[in-house]
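Order as written gives the chain letters A, B and C; numbering starts at 1 within each chain.
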Amino acid sequence: MRRTFKAAMGAELAALALLAGLASAQAGSLKIESWRNDDADIWNSKIIPAFNKHYPDIKIEFAPSAPKEYNAALNARLDGGTAGDLITCRPFDASLALYQKRQLDAVDGLKGMDNFSDVAKAAWQTDDGKTTFCVPIASVIAGFIYNKEAFAKVGVSEPKTLDEFHAVLEKFKKDGTYVPLVMGTADQWEAATMGFQNVGPDYWKGEVGRANLIAGKEKLTDPQYVAAFKEIASWAPYLGSGFQAQTYADSQNLFSLGKGAIYAAGSWDISTFRGQAKFAMGAFPPPQPAGTTDCYISDHTDIAMGVNAASKNKEDAKKFLEWLTTPEFATIYANSLPGFFPLAKTPVKVDDDVAATMVGWRQTCKSTIRNSYQILSRGTPNLENELWNVSAQVVNGKLTPDAAGKQLQDGLDKWYKPAK
Amino acid sequence: MPESVSNITAQMPRAKLAGLLLFFLGPAVAIYTLFSIYPLVATMALSTYTSDPSGGRHFVGLANFETLLGDALWSKPFWNAFSNNLIFFAVHMCVQNPIGIALAGLLSLPGLRLKGLYRTVMFLPTMLSVVIVGFSWNLILSPLWGVAAGALKAVGLGSLFAPWLGLESSALVTLALISVWQFVGIPMMLIYAALLNIPEELIDAARVDGLGHFRIFLHIKLPLVLPTISLVSVLTFVANFNAFDLIYSVKGALAGPNFATDILGTFFYRTFFGNQLQLGNPTMGSAVATVMFFIILVGLCLYLFLVQRRIRRYAF
Amino acid sequence: MTVEQRARSLGVHLVLIAYSVLAVGPILLVVMNSFKVRSAIFGSPLAPPDAATFSLAGYEKVFRSSHILTYYSNSLIVTLVSMALVLLFGAMAAWALTEYRFRGSTALALFLSIGIMVPIRLGSVAILSMMRSAGLNDTLTALILVYVAQGLPMSIFILSEFIQQVPKDLRDAARCDGVPETRIFFEVVAPLLRPAIATVAVFTIVPIWNDLWFPLILTSSDSTHTVTLGVQQFLGQYITDWNSVLAALSMAILPVVVIYVILSRQLIAGLTSGAVK
């Protein structure tokens, strides 16, 4: 009879013992925080084994979170002291804030950092460019991927100008077999990243416009930005029915099942399509607006890696980061994840034909990064968030291009005072 | 409830009582205080601070609340989320509870066969993770998969289909209805249980008076289960003003289109943890959480003093 | 039965069947399509799998590329241990609150009820740093502690209603025989609370099994992920691979359904014996 009482006491004691239980990280092992959960297989089967050939004693665990939770979960873990040793860095301010909070270490002293150009490092440097806190890994390029079979069937070729682009879309619409242009607005960022930032650089002349925007010499209400919005607004008739509720995954499925002709793409889509699409694909850069001669592409420095300042195993973490600067890593990365283009100076041969096409645009067009990323998304309202919202509304026909530019500029004016 | 306390325990020596209380209440109060109340208090305390880029914190009093409610940059999204939340709640009150009451009424009809099966099946959605529910409905309503469109076409209403989740005018109500679909089981079960507890004699008396099932339900049963209905309403209120998962899993933290589906939970999340390039702002986020706490508190007080009139034993 | 009665009964069944289809249809749709090949999922979503379209590819992928069995066992451990502690501590606290008269008991009851109205998620950051200083980060223990704290208020609320109904004579008779209070609770009262278990389970266990947030921030390695988080991550990773997505969804749904079907009879017994009125 006493037993029940003892059992109860036992449970209480057990609970207290659990409370006092200790679990600590082991030395000699590293954990990688990342939002690239798509790439988990590649990391585990190719990248980590390649590293372990050099350092067999360092055990590495790739522990990704879903992209949309990554920032929140990472910050919570960093604040709580439970984050992994190696942190995959988002470009610009998200990572800069981590460095400023002393949650990331500087990486300037690492061997191999001179393999990267200043442009490659810019996304992970302090504003004065003196300190770099993440080792650049890759950039991604925006453009359009198309279904070669569909093009052959309808009898069109890659459009060079926007006029040709619209003619192609019109032809697909008349034909009716394919959804002419695959893009949805449900997740909002598609319209911003694969719409506005994709075709826009031709209008604002890439880096020139981006710098002017930061310097306050241009405004988002200027004609070049409104024109970019006008262009994406004109896509609506060519999108799939119900595109307002079409998520990013829906878009990928629509295209990879062969139901779409042209896909507003980021190069990171290539590996997904390689696994699923059963037709030949090609890619063309953003078609040029009438009257322009130079072409620009969104070649966005997107992914890097730094070391958690609170890591108990910085020695090994640095060894890993140094390995990331080597051509060996760049070659493995570029070819196991086609569409992520290494940032090191040494050129890497890309085998995938679509990926090779896209990276080839670097020879003919000028590269630029997304104009909302550096400095301009530092305040409230956040320009990138606003841009998602506004771009989706423009495509949905809920906001005019002029009003879109005005809303963005008004938001920016509330907190951003460019240095005079 | 004083009357239920036995005389013997009331006369217990103080030391013995203290020992018993410590034994019985100790573990629950300790864990609850440490892992529920303390973190909440810490959150509220955090709402009176602000942080600088290096992560240092400075006390600012109520300044965060002034910003949240006074600065249009913050107050506009806040009130937008608040009014969306009211709509979300209204849909639940106007759809979930009537359906729950109706189903409970039908299930409690005397002599109904297969009631166990119906009950089990109808309660199933309530058991599922919101993540799963959101994802499944997203697929079903997706214009790409065409399940919803196909189903409507099959009954000759194909022209009614629209990408509801993507339209500013319908996204919020659609999400609220998905939530209703999931949680209708709770009012149904609670009211069903209350209906079963109504003494048979009352109903027999009514039947002798010649009242039909429907009128018995309306005039006798329904008034008797009103306390349960108001409890259900309060649970719905609390749950709705804490809701987050469904909208987050279907629409993401930006709760589009154009914040048409933004409710307080997603607004809190976005503020506290950030989104894409927007950095998390724990101090402002805490202020939002604190305001949410007070909104729920005000709602509960209204309920207590206007509806319930007197505080029932323990509980709210 | 008269014709009129029969017609009415038919009408009632029609309404109930219609709603049952609405309730269970989407779930069946997901489960059914998880057994089909990718092209059939898209091509004819409403058709059941046949010889030509049947495929287990999605399930194979789930088993191959995620640690689904580890996730299951983690979820089971977390849920069962939390449930046991919530029931034990909850019943003990409910007993003390209803049985003993002491100063501050009303205040304590109100204090405990705060947890019903405020989501513990609001305190995430403080919870994280506490777990860290206790060395509990990335352990199932951390999850259990949070869930016990989260589940206690509702379970105390439900269980005190039950304890109310234990006849007073039963307790006082035992007291007169000099049986100690702890034994009265564990041997006289506790067994009478069994019908309440299902009710508490539905209100506290289901949210634990389905929770996404705390596993997300408190656990960071595969060895501590729960099913809901594992499935969520899997969905993120294979979002365009609908075979696998639907298979993963089905696998997350199944255990809950089984548990519920087992508990459902007791749930009604628990509710009707007056727990939540």
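Just so we're on the same page, a contact is a pair of C-beta atoms (placed from the backbone, for glycine too) under 8 Å apart; a residue touches a chain by one contact, two chains touch by 3 or more.
Everything numeric in this text was worked out from a predicted model, so none of it was measured.
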Longest centre-to-centre distance from chain B, chain (CA-based): A
Leading chain pair when contacts are tallied as C-beta pairs: B-C
Chain A and chain B, separation of their C-alpha mean positions in angstrom: 36
Intercentroid distance (Cα basis), chain C paired with chain B, Å: 16
Contacts with two or more other chains, residues of chain B listed in rising order: 27, 31, 144, 282
Where chain C touches two or more other chains, by residue: 42, 85, 92, 124-125, 145, 182, 232, 235
For chain A, residues contacting two or more additional chains: 15, 68, 76, 79, 253
For the chain B and chain A complex, residues of the former touching the latter: 26-27, 31, 53-55, 73-74, 138, 141-144, 162-168, 251-254, 256-259, 269, 272-280, 282
Residue numbers on chain A that touch chain B, as the complex places them: 12, 15, 68, 71-72, 75-76, 79, 90, 92-94, 97, 100-103, 184-189, 240-247, 250, 253-254, 372-373, 377, 380-385, 388-389, 392-393, 396, 398, 414
Touch list for chain A against partner chain C, complex: 1, 4-5, 8, 11, 15, 18-24, 31, 33, 37-38, 40-41, 61, 63-69, 73, 76-77, 79-84, 248-249, 252-253, 256-257, 272, 276
Touching residues (chain side chain C, partner chain B) in the complex: 8-9, 12-13, 15-16, 19-20, 22-24, 26-27, 29-30, 42, 45-46, 85, 89-90, 92-93, 95-102, 108-127, 130, 145-146, 148-150, 152-153, 156-157, 160, 164, 168, 171-172, 175-176, 181-182, 185, 202, 206, 209-210, 212-213, 228, 231-232, 235, 245, 249, 252-253, 256-257, 260-261, 264-265, 267-268, 271-272, 274-277
Residues of chain B that touch chain C when the two form their complex: 1-2, 4-10, 12, 17, 20-21, 23-25, 27-29, 31-32, 34-40, 42-43, 46, 99, 103, 106-107, 109, 112, 114, 116, 118-132, 135-137, 139-140, 144-147, 150-151, 181, 184, 189-190, 192-194, 196-197, 213, 227-228, 231, 238, 242, 244-245, 268, 282, 289, 292-293, 296-297, 300, 313-316
